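Have a look at this one.
Letters A, B, C, D, E and F mark the chains in the order given here, with residues in each chain numbered from 1 onward.
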Amino acid sequence: MDEKELKERTAETAQLYFSTIKNEKDKPYNLWSYFDKELAKDMSLYITGKMYGRGKIPHKTRQLITVASLTVLSRPDELKLHIHAALNVGCTKEEIAEVIFQTSTYGGVPAMNTALSVLKNVIEEREE
Amino acid sequence: MDEKELKERTAETAQLYFSTIKNEKDKPYNLWSYFDKELAKDMSLYITGKMYGRGKIPHKTRQLITVASLTVLSRPDELKLHIHAALNVGCTKEEIAEVIFQTSTYGGVPAMNTALSVLKNVIEEREE
Amino acid sequence: MDEKELKERTAETAQLYFSTIKNEKDKPYNLWSYFDKELAKDMSLYITGKMYGRGKIPHKTRQLITVASLTVLSRPDELKLHIHAALNVGCTKEEIAEVIFQTSTYGGVPAMNTALSVLKNVIEEREE
Amino acid sequence: MDEKELKERTAETAQLYFSTIKNEKDKPYNLWSYFDKELAKDMSLYITGKMYGRGKIPHKTRQLITVASLTVLSRPDELKLHIHAALNVGCTKEEIAEVIFQTSTYGGVPAMNTALSVLKNVIEEREE
Amino acid sequence: MDEKELKERTAETAQLYFSTIKNEKDKPYNLWSYFDKELAKDMSLYITGKMYGRGKIPHKTRQLITVASLTVLSRPDELKLHIHAALNVGCTKEEIAEVIFQTSTYGGVPAMNTALSVLKNVIEEREE
Amino acid sequence: MDEKELKERTAETAQLYFSTIKNEKDKPYNLWSYFDKELAKDMSLYITGKMYGRGKIPHKTRQLITVASLTVLSRPDELKLHIHAALNVGCTKEEIAEVIFQTSTYGGVPAMNTALSVLKNVIEEREE
C-alpha cells in the first residue's frame, strides 16, 4: 500500500468512527497538531490507517475490545470517543453495556461504574 | 433460572472454556477452595455461571474482550487461561494476536509484548 | 442462607453503609439498573449481601481496606461512597486519613493526594 | 522524638515485622544499600520508623491495609514480605484471605488470584 | 546535613519549583497539613528536601522524569504542578511535549492525550 | 525523510540501543515478527525510527524517561532492555539508580524495588 492509499484509508476510517464527535476540542488529532503537526500526521496514519484500517478483524470487534481496554484502564475521555465509534460501526448499546459489565471481573467494579456512566451520557446525548 | 440450572450452566461453561488446562494448580477455583469452599462456589456460580453463561454476546466476543482486558492490565497468568478459552470457543490464533496488537494503543507496547509472549507459549504448548 | 435472608442482609448492609449518600445518581445500583435490572440485583446480592455481609472481619476493617484499595487504584468517585460508609460504621476521620497517608508507600503520593482531597470534601460536606 | 529514638523505633518495628524473612536478598533495605547507603537509611527511618512506627492505628490494621493495597496493585514480591509481617503481628491467615477476597471487587479477580497464591505459598513455607 | 540545612534546602527547592502555583488549594502541602501538621512537615522534608534537593541529577532531568511518570500513571492534577516546575527550572514546552509524546509507547495513547491536554492548559494559563 | 532514510535511522538507533542484548528471544521485534512480519516492520519504523530517532531531546534523556515510565508501570522485562539502552547511550548506573529512586514518590516503593532489582541484575551481568 502506498502513501496515498494509506491517507485515504486513514481519512475513511476516521470518518466512519468519529463523525458524530461534534466538539473539535475532543478530537486527539487536534491536540497532537497543536504541539507537532508532522508527528500528529504520523500517529494518525499509524493508529487509524495502519492499525484500525488493516482489516483482520471486523470494526465492531475492534471497537468492543477498545471499550473493554479503556474501561479497565479507566480512561473516561477516550472511552467517550470510542463509545461513539462503537455505535457508529453498528454495535448496539446493549452489547457495549454487556462488554463493560463483563470487564468488572478483570478491572474491578469502580472502573466498570465509571465506564457505564460514560456510556449513559453518550446514549442520552445521542438521543436528544 | 433456579439453582440447579445455574449449577449446570456453570459446569458446562467451565468445561467449554477450560478443558484444555491440564494442570489443576492453574485453575483459580482450586485456589479459592483452598481458603473457602463456599465462597469458591459462590464466585464460580456468579462469574462463570451468571456472567459468562448469560448469553447476550457470543463466547468468542467474550473471550476476545477478556484477552484485551488482561493484556492492558498485564495479568499474564490469567491471560494464559483465557487464551486457552478463546481458542477452545473457536477464536483463531490470528484473531487473538490481532486483539493483542491493537491494545498497544491503549495499554502500551510493553504490556502487548508480555501478552504476545504468553500467546506464543500457549500456541507452542498446544501444537506439541 | 436462603434467598430471602440474603435479600434482607443486602438491604441492611446497604442501609448501614450508604444511608448518608443523598444524591441517588451517586449510587452505582441505579446505574446498573438503568442498563440491566436483573444483573443489578445479582451484583448487589453478591457484593453487598454475600461479600460485605458475610462477617469474618468487622465492618470497620472492611471499609478501611476498601479506602486503601480505592486510594492506590485512584478511583475518587467510588472512594467518596466508601469514605461515607467508613464514617457510617464508626471509623474516625483520623483513622481514614491515616490509612490514606500510609498507602502512599505502595501507590505513590499523587494517588494519596487525590484521596485526601476526597476525604476533606466529604468531611466538610457532612459537617455542614 | 530525636534521631536516636527514631532509629530505635525503626529497628524494633523492622524486627517485629520481618524477623521471619530468612533470605537477606528478599529485604528491600539491602537492595537500597547496594546503590546508596545514606538514602537507604533515610528511607528506612521514614517508612518503617516514622510511618509504620507512629501509632495512630494498630499494627494489625496497618498490615491488612498493606495487603489490600499490594493485592490491587499486583505487587507479589512485596506482598510476600507483608503477609509475613501481617502474620507476625497477629493477623490470622483467615483474616488475610478475607481481605484479599474482598479486594477483588475493586482490583479485579486476577489480582486477587495472584495474591491468594502468594498467601498459600507463605502459609505452606511457615508450616514446614 | 543538619535539620536547619535540610529545612532551608526544602524551602529553596519548593520556591524554585512551585512559585508560579497561584492557588494555595493546589499545593499538596496544605492538604497534608489540614490532616496532620507534623507528618506534612516530615513528608515535605523527605520528598522536597532530601529527594529533589539532593543533587545527583539536574533539576531539569528530575522534572522531565516526573512528567513521564505522572503521564503514564495518569495523574493530571499532580502533573499540572510538575509541568509548572519543569518550566520553572528551564525546560521548554517543546521538551515537555516531546517527553509526553514518547511515553505513549509505554503507557498508551489515552494517557498521553490527558497529559498533552494538561500541558496545553498550563501553557495557555502562563501566556495570559 | 524518505522510506530508505527511515529504515537506515531505525537500524542505527536499534544498534545503538540494543547491541548488548545477547539473547535474541529478549528482542520484541522477533516476537512481533513471529505473528506478523509486516506489522513488526511498521511498528519498528514507527517506534525506533520515527519516535526514538527524531532528535528533539538527547538519547540519554529519552532513556531516562523510559526507565522512569517502565518503573512506575512495573514492566520489568521491558525495563531490562532499556537499562541496557540507557547504559549504551552513556547514562551511568548512578544516574539510572537515581531516576528509579525518585519515581517511588509517584509510583510507590514496591515498583521502585522491582526496578532496582532489574538494574542490579543488568549491572552484574555486564560486569562479568
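Basically, a contact is a pair of C-beta atoms (placed from the backbone, for glycine too) under 8 Å apart; a residue touches a chain by one contact, two chains touch by 3 or more.
Note that the structure is a prediction, hence the values are computed from the model and not measured.
Where touching is counted per the definition, the chains common to chain B and chain C are A, D, E, F.
Interface comparison, A-F versus A-B: the higher number of contacting C-beta pairs is recorded for A-B. At the interface between chain A and chain D, two copies of one sequence, more than half of the residue numbers in use appear on both sides, so the contact is built from largely the same positions.
With every chain reduced to the mean of its CA atoms, the largest distance from chain E is reached by B. Work out the mean CA point of chain C and of chain D, and you get 24 Å between them. Rounded to whole angstrom units, the spacing between the C-alpha centres of chain C and chain E is 31.
Computed from the mean C-alpha positions, the centre of chain D lies at a distance of 29 Å from the centre of chain E. Residues of chain D found to touch two or more other chains are 39, 47, 70, 72-75, 78, 94, 101, 105-110. If you draw each protein chain as a dot and join the dots that touch, every dot ends up joined to every other dot. Put simply, chain D touches chain C in their complex at residues 47, 51-52, 56-57, 61-62, 64-73, 75, 78, 94-95, 98-99, 101-103, 105-107.
Contacts from chain E toward chain B in the complex involve residues 72, 104-110. Listing the residues of chain D that touch chain F in their complex gives 28, 31-32, 34-36, 39, 43, 47, 70, 73-75, 77-78.
The touching residues of chain E, when paired with chain A in their complex, are 74, 94, 97, 101, 108-111, 113-114, 116-117, 119-120. For chain C in complex with chain B, the residues that touch the partner chain are 39, 42, 46, 50, 54.
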